[in-house]
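Each remark here refers to the structure printed beneath this line.
Chain lettering (A, B, C, D, E and F) follows the sequence in which the chains are written, and residue indices restart at 1 in each chain.
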Amino acid sequence: MKMVAAIVRPEMFNSVRAALEADGIYGMTVTEVMGRGAQKGIALRFRGKVMPVELIPKVKIEMVVPDADVDKVIRVIRENGRTGKPGDGRIFVLPVESICRVRTDQIDPADP
Amino acid sequence: MVDSGDTAFILICTAMVMLMTPGVGLFYGGLVRRKNLISMIALAFIAFALVSIQWVLCGYSLAFGTDIHGLIGSLEYAFLQGVGMGGDGIPDLLFAAFQMVFAGLALAIVTSGVAERIKISSFVVFGLLWTTLVYDPLAHWAWGGGWAAQLGALDFAGGTVVHISSGFSALALALVIGKRLGFGGHGMEPNNIPLALLGGALLWFGWFGFNAGSALAADGLAANAFIVTNVAAAAGALAWLCAAWVRGRPGSLGMISGAIAGLVAITPAAGFVGPMAAIPIGAVAGLVCYGALLFRVRRGLDESLDAWAIHGMGGIFGALATGMFAVAAIGGVNGLFYGNPEQLLIQVVDAVVVVAYSFGVTFAIAKAVDAVMGLRVTEEEEYVGLDIAQHGESVRV
Amino acid sequence: MVDSGDTAFILICTAMVMLMTPGVGLFYGGLVRRKNLISMIALAFIAFALVSIQWVLCGYSLAFGTDIHGLIGSLEYAFLQGVGMGGDGIPDLLFAAFQMVFAGLALAIVTSGVAERIKISSFVVFGLLWTTLVYDPLAHWAWGGGWAAQLGALDFAGGTVVHISSGFSALALALVIGKRLGFGGHGMEPNNIPLALLGGALLWFGWFGFNAGSALAADGLAANAFIVTNVAAAAGALAWLCAAWVRGRPGSLGMISGAIAGLVAITPAAGFVGPMAAIPIGAVAGLVCYGALLFRVRRGLDESLDAWAIHGMGGIFGALATGMFAVAAIGGVNGLFYGNPEQLLIQVVDAVVVVAYSFGVTFAIAKAVDAVMGLRVTEEEEYVGLDIAQHGESVRV
Amino acid sequence: MVDSGDTAFILICTAMVMLMTPGVGLFYGGLVRRKNLISMIALAFIAFALVSIQWVLCGYSLAFGTDIHGLIGSLEYAFLQGVGMGGDGIPDLLFAAFQMVFAGLALAIVTSGVAERIKISSFVVFGLLWTTLVYDPLAHWAWGGGWAAQLGALDFAGGTVVHISSGFSALALALVIGKRLGFGGHGMEPNNIPLALLGGALLWFGWFGFNAGSALAADGLAANAFIVTNVAAAAGALAWLCAAWVRGRPGSLGMISGAIAGLVAITPAAGFVGPMAAIPIGAVAGLVCYGALLFRVRRGLDESLDAWAIHGMGGIFGALATGMFAVAAIGGVNGLFYGNPEQLLIQVVDAVVVVAYSFGVTFAIAKAVDAVMGLRVTEEEEYVGLDIAQHGESVRV
Amino acid sequence: MKMVAAIVRPEMFNSVRAALEADGIYGMTVTEVMGRGAQKGIALRFRGKVMPVELIPKVKIEMVVPDADVDKVIRVIRENGRTGKPGDGRIFVLPVESICRVRTDQIDPADP
Amino acid sequence: MKMVAAIVRPEMFNSVRAALEADGIYGMTVTEVMGRGAQKGIALRFRGKVMPVELIPKVKIEMVVPDADVDKVIRVIRENGRTGKPGDGRIFVLPVESICRVRTDQIDPADP
């Protein structure tokens, strides 16, 4: 099992989500985050103090999938989350040691 | 002579209409993406502040100064000279204040067309030109003794002056500034629906001041305007809700949009029709505006927050409905349904001219500002959002 | 003759009371779980829109038409026919509008009992039946010349008509619809306390229109109602705060609930008692309602947002307090403490009948709607939340 | 004789000023860190509730009872005895209510100085002492026939009484309670700018009641106060916006702070100057207060939400501006620019005394409360935030 | 050290939290997330556009615990977060390479 | 590649962010979270029910960095996020198997 964690543009999230569903990837956990990456920083000023706040809203999608699906998931995210401009995001793959449901007692690594 | 009851009423109505401007800001702010929420609220405030100053300097006089060829007012009241604490029914200064908050609101509505992509400096310039060249003449035509008034066009509280004009101006502006990056493809869900509903609630509340206050007296006509306003809003809300229900789920944004559609449509009619007429006016307005919105989306037009569909089209429908439902017992004039088809014709002429004028002049102003200083932020700024790019602020997750 | 000052006052009061309905929506919306926030606000708007239409069609006439056996009004004013721009003090149309916003608010309060689990279609049907069969008769009894008015029961601004009735109706509804899934075990913390406080602030603000406006004139009685309203709210807020402090930490929701308890209790009394009486009335109301809330929680009753504890029990206490503290110098009638125990008896009778009627009839309506179309969403819909399930919308994280 | 129009006006103005208190709460709540959001709103409500009770018990009488040596009022109106439903223009009870909401607002503004670190029990004690020992005498001096009124100092709507006093009291309080943990080093960004803007909108709205209502009649003077209020707010907003633009980006919080600065400065002047004078008054106030804020930040003073910079310094500027711009045609008195330099002198004396008195007495009260029960929460409580530590509540992520 | 990441119902969070505390598991980081899993999608419509938004509010609990505690933590979450209906959530276990406090300089893998 | 996940005080976030930038660590994903750690719990009461809610706002910073940078990142966070009082937070290091951009097709493990 792997956890694929993708940071994507909020605007592209819905097409990514729909495309994953079309490809049979259903389970996901989504978080609204702020991120900075390649884009240049922007310096802000509030009530007389400089505050460099160059964090921009992003959406983080976490999907735990069988090893075999990792490449497919990455491909789908890239194809549907891409605008070609800086800020499209990153995908990280992390190892997962085990996985289970809360609802039932069986630990079922084959059914994420 | 100043009457204390009428004065009390219009003073408070003026404050209530003022509250509509942040109401528009909150409503719009809830509908855009999170990264532009502050920007939308700020634009409403800036619009209001700019117009407040322009109005006392020259706007009031252009609208309500002595008529020049039916087109514009003279500058005799520039700097509010000669506008004093006395008056007929209400103090002249209060009349100027009441009209001021209408002008401010109109410009705030126009921001719909440039949501999430306008450069704030260009908005300041555009806004000053728009209120001077579009709003002030329109106000003069309808209420300052201009040609529309002379023709007998009915506009009780600003259906053409405020709503048709701001709706079609938003459309012109949207065409000039162009679509948002990714419009059509990218998801652009509203970031904060409760905030939009709060904004809508403030609009509904303030609209009582807008419509009933337009009686300029605390009398039976104001009472009539008040109740028809509420009935039309309710009918519009329920009609849009049902229409949306037929097509899917009855969303709260559809409901509040329908209420606003009903409020827009009853605006020109509020002093000319009774409560029973307000039901069809409000309900049909809800359906008309919903249809206009669907049409806009289908056509891929990025008039982003639907000022055109709701204020523009709702305003046209309201102007025509006034020409149909008006009854002499209430406002002294009959409409089509009471045997006076000519009134409908006058309304059509008025609406058509206002549509053409506001669309055309706004288009020209927008083109000019765009040529001189650029209307739109850079692509990078649009990406990070106007809150950060234009205001240096941001809404926390 | 219409008086411009009185008319100005009631026009604005009507708008202020209208704002209470979204106020209730925001207050309730802040208290539920995030997945039902939009739903609660939308229910308030829908309640208001439905009642607005029903009222001009028949509700006003049922409440204020010529009395039929002390029970209900005739249909002579159906479609507001014969309700015009003239009137005595204020235009008749304005009186109808003022009463309309009370009726809308009452239905919005009732949504407390079905929070997070009502099917929107069923709410529409229930709402129309409730306002027609419960609210309109009660309004007639108290203010339309019905038996309670004939008996001499005092209800200045709607303690029985609006608050007892909505509170006990919410209880009846909660019993019929059943507890929320997981109630008792699952955590159901309020999702947005600042929003609830904002809603509370709008309620406090609007309540001045509610109570002072019930004088139907801008006079000394209105001024008295105004100040006692504020004093009772303050006393209620502080009393609940202190009581909660004794048991733990003084939460802001307790404070605002106490304020609402004080406002409810002073509602029937506002035109009959002075500022010094408002302190004990408000403070005791805070304690009574806090006790009622604790009782409800202990009993495992899922009258979810405490309309019963605050409006129902606060309303009863207010009705009795009016019978105790009333003083002839203010409203022309003395209560128990000024040597007229009979008045308290009348208040008891009135309250008991209203409790029984509103609870009983609401129970019957709810059972009927439930049998015909089902009051409640499916378990799955309740799980995903009404925002998505009923409205197709959602609040972002 | 009570006039219905004037009474209608002041009744509604009183409600509008009441709404300013939650407005301050929302404004302040949006500016602090998320963990103290509820606390700031709750403090505003608590301030208002405490003062509401204190006012009817003794505050009103201390301020408006028969003058004792120009310093304080007698206790003849304690418990509002002798304050009735009759009156001259407006009912006496209404005058008491109108003044009450000013007193409540003033204490709410003061919470700026103790934001995110005050113990709620100590705030209750401090608040009662402050309103009795600071606010009531000041109100007496200016409006109750005290020495300032006798001297001829002009304060139309409370520039010295409400704004200078609350601003400098906040400063004194901030010095006694000390800086927030980590002030200067730690980031303390505003948690919710849209909420702050909503609070600002409610302040702007309510301020019409505050200033125009201070005419105590619905007449030309009220109309003048109304329009100058709006113009000054707009000018202040634009001036601060531009100044911030020069130094960086034009933030929305700067804009709304500028509007409040303009509103503060026009407060004492609203009944003495015309619309054209309101432009410089508002604009310069925006710049003065922005400068004061920068000064405070540079000096490392943790008067956390800038009541001193905006209300205190804006109030001083407004008092002086009144002495300069006043024109007899409007309020019966000329200022410096119209040949009466003496008026400016009187204004200076008044401002200086009020600054000294409010700063000094507040400092003493704060020291005393601190010595007896401790003003400040523990370090641990400050870390977890007052919402949890003081109220047992929290704002969800 | 392992990171146990559990996605649970918001309504069950408080009992899970309390039960973990009772069992001596104190440190945790909590995020409000949206998730989709076994439950069927729901199609939405807003202003004329279909928007399938079937994400539902969930709470993510992340706990870094010694290897020996993993099973206990999983057991406690399951016992207290379960309703038996779809939507009860998932638990993922990820490997953690090292852990340290910000407050002190010692890197203390035995004290999460 | 490693993922460094740091939980820090919201008040210290900006100085941590600026210091990381000064040290050339640019990419990061930030989440507002609630956390509990060493601090003692606080029991709350709402409308008559006891609700122990001792979660406190924190900021989670996730940075995926080359193995060689891990120690530097940890040092920077500690130096700039520290107040010395309980609640300063924790840093966890998790292994990352692979990483890629959404914008371009090349999978580039050397360029996080």
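Going forward, a contact is a pair of C-beta atoms (placed from the backbone, for glycine too) under 8 Å apart; a residue touches a chain by one contact, two chains touch by 3 or more.
No experiment lies behind these values; they were computed from the predicted model shown.
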item	value
Graph separation of chain B and chain C (steps between touching chains)	1
Which of A-F and D-F has more C-beta pairs touching across its chains	A-F
Chain F against chain E, contact positions shared by both copies (same if over half, else different)	different
Inter-centroid spacing, chain E versus chain C (mean Cα positions, whole Å)	41
Inter-chain centre distance, chain C versus chain D - centres from mean C-alpha coordinates, in Å	33
Numbers and ranges of chain D residues touching at least 2 other chains	3-6, 8-9, 12, 34, 187, 189, 192, 198, 218, 248-249, 251, 253, 392-394, 396-397
Multi-partner residues of chain E (each touching 2 or more other chains)	14, 31-34, 44-46, 51, 53, 55, 83, 85, 87, 94-95
Touch list for chain D against partner chain C, complex	2-9, 11-12, 14-15, 18-19, 22, 25-26, 29, 37-38, 41-42, 45-46, 48-50, 52-53, 56, 79-80, 84-87, 90-91, 93-94, 96-97, 100-101, 120, 192, 195, 198, 218, 390-397
Chain B residues touching chain A - in the complex, by the definition given at the top	33-35, 182, 185-189, 379-380, 383-385, 388-389, 392-394, 397
Complex interface listing, chain E residues touching chain C	9-15, 32-34, 39, 42, 44-46, 51, 53-57, 83, 85, 87
Contact footprint of chain E on chain F as seen in their complex	2, 6-8, 31, 33-38, 41, 51-52, 55, 58, 60, 74, 77-78, 81-95
Complex interface listing, chain E residues touching chain F	1, 3, 14, 18, 21, 26-31, 64, 94-103, 105, 112
